[in-house]
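Below: one structure, written as structure tokens.
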Amino acid sequence: MVNKRGFASDNNAGVHPFILDAMASVNDGHVIAYGDDPYTEKAIRDIRQHLGQEAGVFFVFIGTAANVLGLSSATRSHHAVICPETAHIHVDECGAPEKFTGCKLLTSETPDGKLTLDLIARHMHGIGFEHHVQPRVVSITQATELGTVYSIEEIRTLADYAHEQGMFLHMDGARISNAVVSLDCDLYEMTAGAGVDILSFGGTKNGMMYGEAVVFFDPNLAADFKYRRKQGMQLSSKMRYIAAQFSAFLEKDLWKKNARHANRMAQKLYLAVKDIPGVRVTQKVEANAVFACIPPAVIAQLQQEYFFYVWDEDSSEVRWMCSFDTTEADIEGFARLLTTMLVN
Amino acid sequence: MVNKRGFASDNNAGVHPFILDAMASVNDGHVIAYGDDPYTEKAIRDIRQHLGQEAGVFFVFIGTAANVLGLSSATRSHHAVICPETAHIHVDECGAPEKFTGCKLLTSETPDGKLTLDLIARHMHGIGFEHHVQPRVVSITQATELGTVYSIEEIRTLADYAHEQGMFLHMDGARISNAVVSLDCDLYEMTAGAGVDILSFGGTKNGMMYGEAVVFFDPNLAADFKYRRKQGMQLSSKMRYIAAQFSAFLEKDLWKKNARHANRMAQKLYLAVKDIPGVRVTQKVEANAVFACIPPAVIAQLQQEYFFYVWDEDSSEVRWMCSFDTTEADIEGFARLLTTMLVN
Amino acid sequence: MVNKRGFASDNNAGVHPFILDAMASVNDGHVIAYGDDPYTEKAIRDIRQHLGQEAGVFFVFIGTAANVLGLSSATRSHHAVICPETAHIHVDECGAPEKFTGCKLLTSETPDGKLTLDLIARHMHGIGFEHHVQPRVVSITQATELGTVYSIEEIRTLADYAHEQGMFLHMDGARISNAVVSLDCDLYEMTAGAGVDILSFGGTKNGMMYGEAVVFFDPNLAADFKYRRKQGMQLSSKMRYIAAQFSAFLEKDLWKKNARHANRMAQKLYLAVKDIPGVRVTQKVEANAVFACIPPAVIAQLQQEYFFYVWDEDSSEVRWMCSFDTTEADIEGFARLLTTMLVN
Amino acid sequence: MVNKRGFASDNNAGVHPFILDAMASVNDGHVIAYGDDPYTEKAIRDIRQHLGQEAGVFFVFIGTAANVLGLSSATRSHHAVICPETAHIHVDECGAPEKFTGCKLLTSETPDGKLTLDLIARHMHGIGFEHHVQPRVVSITQATELGTVYSIEEIRTLADYAHEQGMFLHMDGARISNAVVSLDCDLYEMTAGAGVDILSFGGTKNGMMYGEAVVFFDPNLAADFKYRRKQGMQLSSKMRYIAAQFSAFLEKDLWKKNARHANRMAQKLYLAVKDIPGVRVTQKVEANAVFACIPPAVIAQLQQEYFFYVWDEDSSEVRWMCSFDTTEADIEGFARLLTTMLVN
């Protein structure tokens, strides 16, 4: 069976061969289950090379779990989490944050998926008033769900404000690799260095099979996380296979190479479609996504050749995601098809 | 690195090569994420070959999640789940059932890890009385945590009683393959055929890497499970790799071959140790585990050569698990060492 | 101690003497605790006189509990509740709905505290899509938190839409008495008759001491509510004292007399202040509240004489609530003071 | 209607007239709702006279809520609470502790409703092991559900052990007045003085109408309790009526007088029945309850005259509770009837 590539999502892609090989390479004999094994030890060490020797690093299965359990570590049920209305934790986790933490999410509309001080401040009332939930975490996504990227200064500003108010800054880094290469910075300065307290460090959208890391820069937050992970049904028995993926992901900059490629493909796609009549790109292309409004009439046929999702039915806005395995030919073929359909 | 095999747990083993190959074989191109792909469709079809065309089949990451989300489908928070005191859901899931379902577990001590009508009946009071939690599910483990196996008749008896009382029967089948080959029956007659309503169908302890299936024989229980799975943080984006494992697991009876081997190794181990002076086997060896009391003095040294766990410090009872990759030489070497240590 | 009346809230008032007498009158001898007593039976009968013989009626302690447990009866944790951004369940219950039900609240901004079909419809997407919470209940407050009142036709329209979509209509009736006298209708036609499925029937804001009734018009919703109430920590042992209050509340139309008085005082207040320079009334006065923007400079001094709350710091909007014991002299004195302060 | 007194429960009694009067006496004018009023301030002061100036005192509606919210303050969901199998929190709260805290209760069978070091120690394993829930609170009931009373030394022993293990000691004091008069000690030495960390201070079973106090002796536990109470649906708007009850309860030792009377009646009952042939008293009578096995044949008829509950059907054990309003004539009449029925 040959599965056609499209632009639906970076998690529609398969697994990078180097990672697959790494998984096979640890398949020898017995090691203690649940993470007390040398591969897991090494993977944690590898991540700490990037995120600091003090970082608390815990593997879970998926990004939703990384987000929810990370938030849970910083909250009690009467707290609230401030996030953009487009945040994955608000829109795409079927209420898992509320179910598991008990907390309310306080959302703000944004033009570009990014929180600002003003958007946070509108939720900062009723502090100390027992009838209201108490804001405790600010959660941002980097790169955002709209393909935009916070600058390090923007993150630092949010972190400083959060800390002044006794809050924590959480970063959903499902696409953090794409943000790192977009800003051409290193991982530490975008996270711990900019004041982030809790990081969901994702790899599945960038060539891994499964597995995500929750990283705490404040050891207090990590203190009883091992119980939270187990109770949160996220403790893998054969942990070595997640560990092997992360080590391979970080080795020889595979994570950056994959992300750089995906971002470059998005730029190419952007350039190829932005001037086609009827196409209006709606967001800055800073990572691996292109958002655009296109005529509703062409969507269905286009999807048949290159599958993708409609983001907003009302405005006929669509999302095109590039991934580590998107090819130049994919972009060219897609742009050619779109041109043909619209320029007639 | 060569990792030494021991008898600590069947999940200390790696992944069967046939399964690893199957995972690599689906690594081509893009498919729709979250299970809407042909591999997942096939794996569900493969499972239904064994468990009936009407079975609701849902993949999750681990056994704890399969148990918890399965129980959640049949309960509201004022319900209770009756289980043995040794049940994995009670002892080894860090309170995940309580956290996620809100339900109380009502436990009974058992000599062999198996519930009986009498042990259930002691919890059947206060029915309809609003101060008491209301029993709603009977949960059994097959094979049990003590390496014993319910006969089909025993399961049927519990199921009939549960149904008469308006309850459901849940089976934690983390080691169901071992039970099937132990009874030399087929999967259907031990589950749906015997009245089981909800099954956690496990493979990780028998050669898979990760992934477990929740199977509902009552379509009402499955009705909104897809939301529960997502909210329970158990929806894998790259589902094809779980699907590929299950298809490979069931193909050419790999699941039975692996289980038969593990059970046979446990029998061999049992025969090799049962008459060593100082060894007292404490449970029937019906699956892939041997439980025995041995002199405390020999435990530490023995563990250095072949790692295993102490089950009960007070009685110096230990657990030796065999797995799909245990070798005859492992058994022989272990028995020889134990003999040397004790017969002096 | 003489406590000065103000306009802070209708629950700053005491208890109507007739209700206090009724509580004392049932203080004789022993009756079975937890509601299995003749007073509770009578109170349920009294409520059914208004709400139908089939209504499921359950007493709880407070309005927050009535709302939360009522919503819980109609939902599982992956569901969502649609409500106005000003809803008590969203703003003033410290996240109790999320904590207890696990559900997300989907809110809409409104000009007047009232939901409309359009405001609901914007949340009706992703139906059947497992990544999204699933709308299950529409919750309205009658009279609203802004002192406005839904017409019976408006309620019926929302109920019909909800039912078409497989949802339920919940009514937070903390001030339902005020709405009933405002519309000059009977209780049934505004609730069950208009399609309401679950009602929080309040009395504390209208002369009772404590106690609220959850009323279900659909017997399926009531089926296991007694357990939910107990588990929700809302089952009073000495239930007779809640029952006595409700019977007294409904007897000789006390509930209507109290509400009519409070509404009339609000009208009087509205007429007395609306033309004072610097005062801008911001909401229709349809129940017992007056909302107005007034100059920030006068607020503190005014509060010293007649305590009330600022509703919105930014716009200097305040809320003045009238209650069953507000006197004409209170209104006159207040209006006189305000006039003096502003007309200089 | 004249309601006949029986021996079913101390909460089948009404409200002591002195308390009823106190409630009426605060029914004047407006005070700020939700506890920011002078009556509440006074009641807290009154309680602190007994329990220390540093005690954190919070009123809730019922004992179940006091227990659950108190436990919640000391736990996260992966913790466990150790209690006797007969504990109210385990048997009679419909799973509210599990639902609200997420914690597992670890129970021990006891002969007399009292925990001992041995009974606690059997749950102290798997500490630090992430698969197991982590014991965090020891919960005792004083007086116990079986009418027995812990000595101050016994409490101190349990508290010391709990503290050594990093755990807290919680006391369910639904009948704490009866224990205080039984031991002839003061409230402080039995609670804070003996090492108790969290106290549910009850009054409803001793002449109050509703309302219970959660008392924290460790200010850290109290830190965010006001939010927990609100989110736990236990914040009364018209708080003054709970406050008035507590002040009256403590004034002129009413709480002790009521409890002393109830205990004395239980002693009288015990003496009156203990030698009747066929009656076997099963527990020490140290508070206001008498437990006894009596012939099954006489139960139904006896209940018709004096209602009470069967505690254990199998052994025909019944519970007779005395309350503040039990009269000597009640005891005499009951003993006479029982004698007549049995001695023939």
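Think of it as A, B, C and D in the order they're written, each chain with its own count starting at 1.
Throughout what follows, contacts are C-beta pairs under 8 Å (C-beta built on N, C-alpha and C of every residue); 3 or more make two chains touch, one makes a residue touch a chain.
In this text the structure is predicted, and so the values were computed from the model without any measurement.
When the partners of chain B are compared with those of chain D, the chains appearing in both lists are A, C.
Placing every chain at the mean of its C-alpha atoms, the farthest one from chain A is found to be D. Note on chain placement: the centre of chain A and the centre of chain D lie 50 Å apart, centres being C-alpha means.
For the pair chain C and chain D, the distance between mean C-alpha positions equals 33 Å. Mean C-alpha position of chain A lies 42 Å from that of chain C. Looking at chain C, residues 77-78, 93-95, 99, 102, 130-131, 227, 230-231, 235 sit in touch with two or more other chains.
Across the complex, chain A is touched by residues 34, 76-78, 102, 130-131, 134, 224, 226-231, 235 of chain D. Per the touch definition, chain D reaches chain C in the complex via residues 1-6, 8-9, 11-15, 17, 20, 23-24, 26-33, 38, 61-62, 64-65, 68, 93-96, 99-100, 204-205, 209-210, 227, 230-238, 240-241, 307, 323, 325.
Interface residues of chain D facing chain B in the complex, by the touch rule stated above, are 77-78, 80, 91-95, 98-99, 102-105, 125, 130-133, 313.
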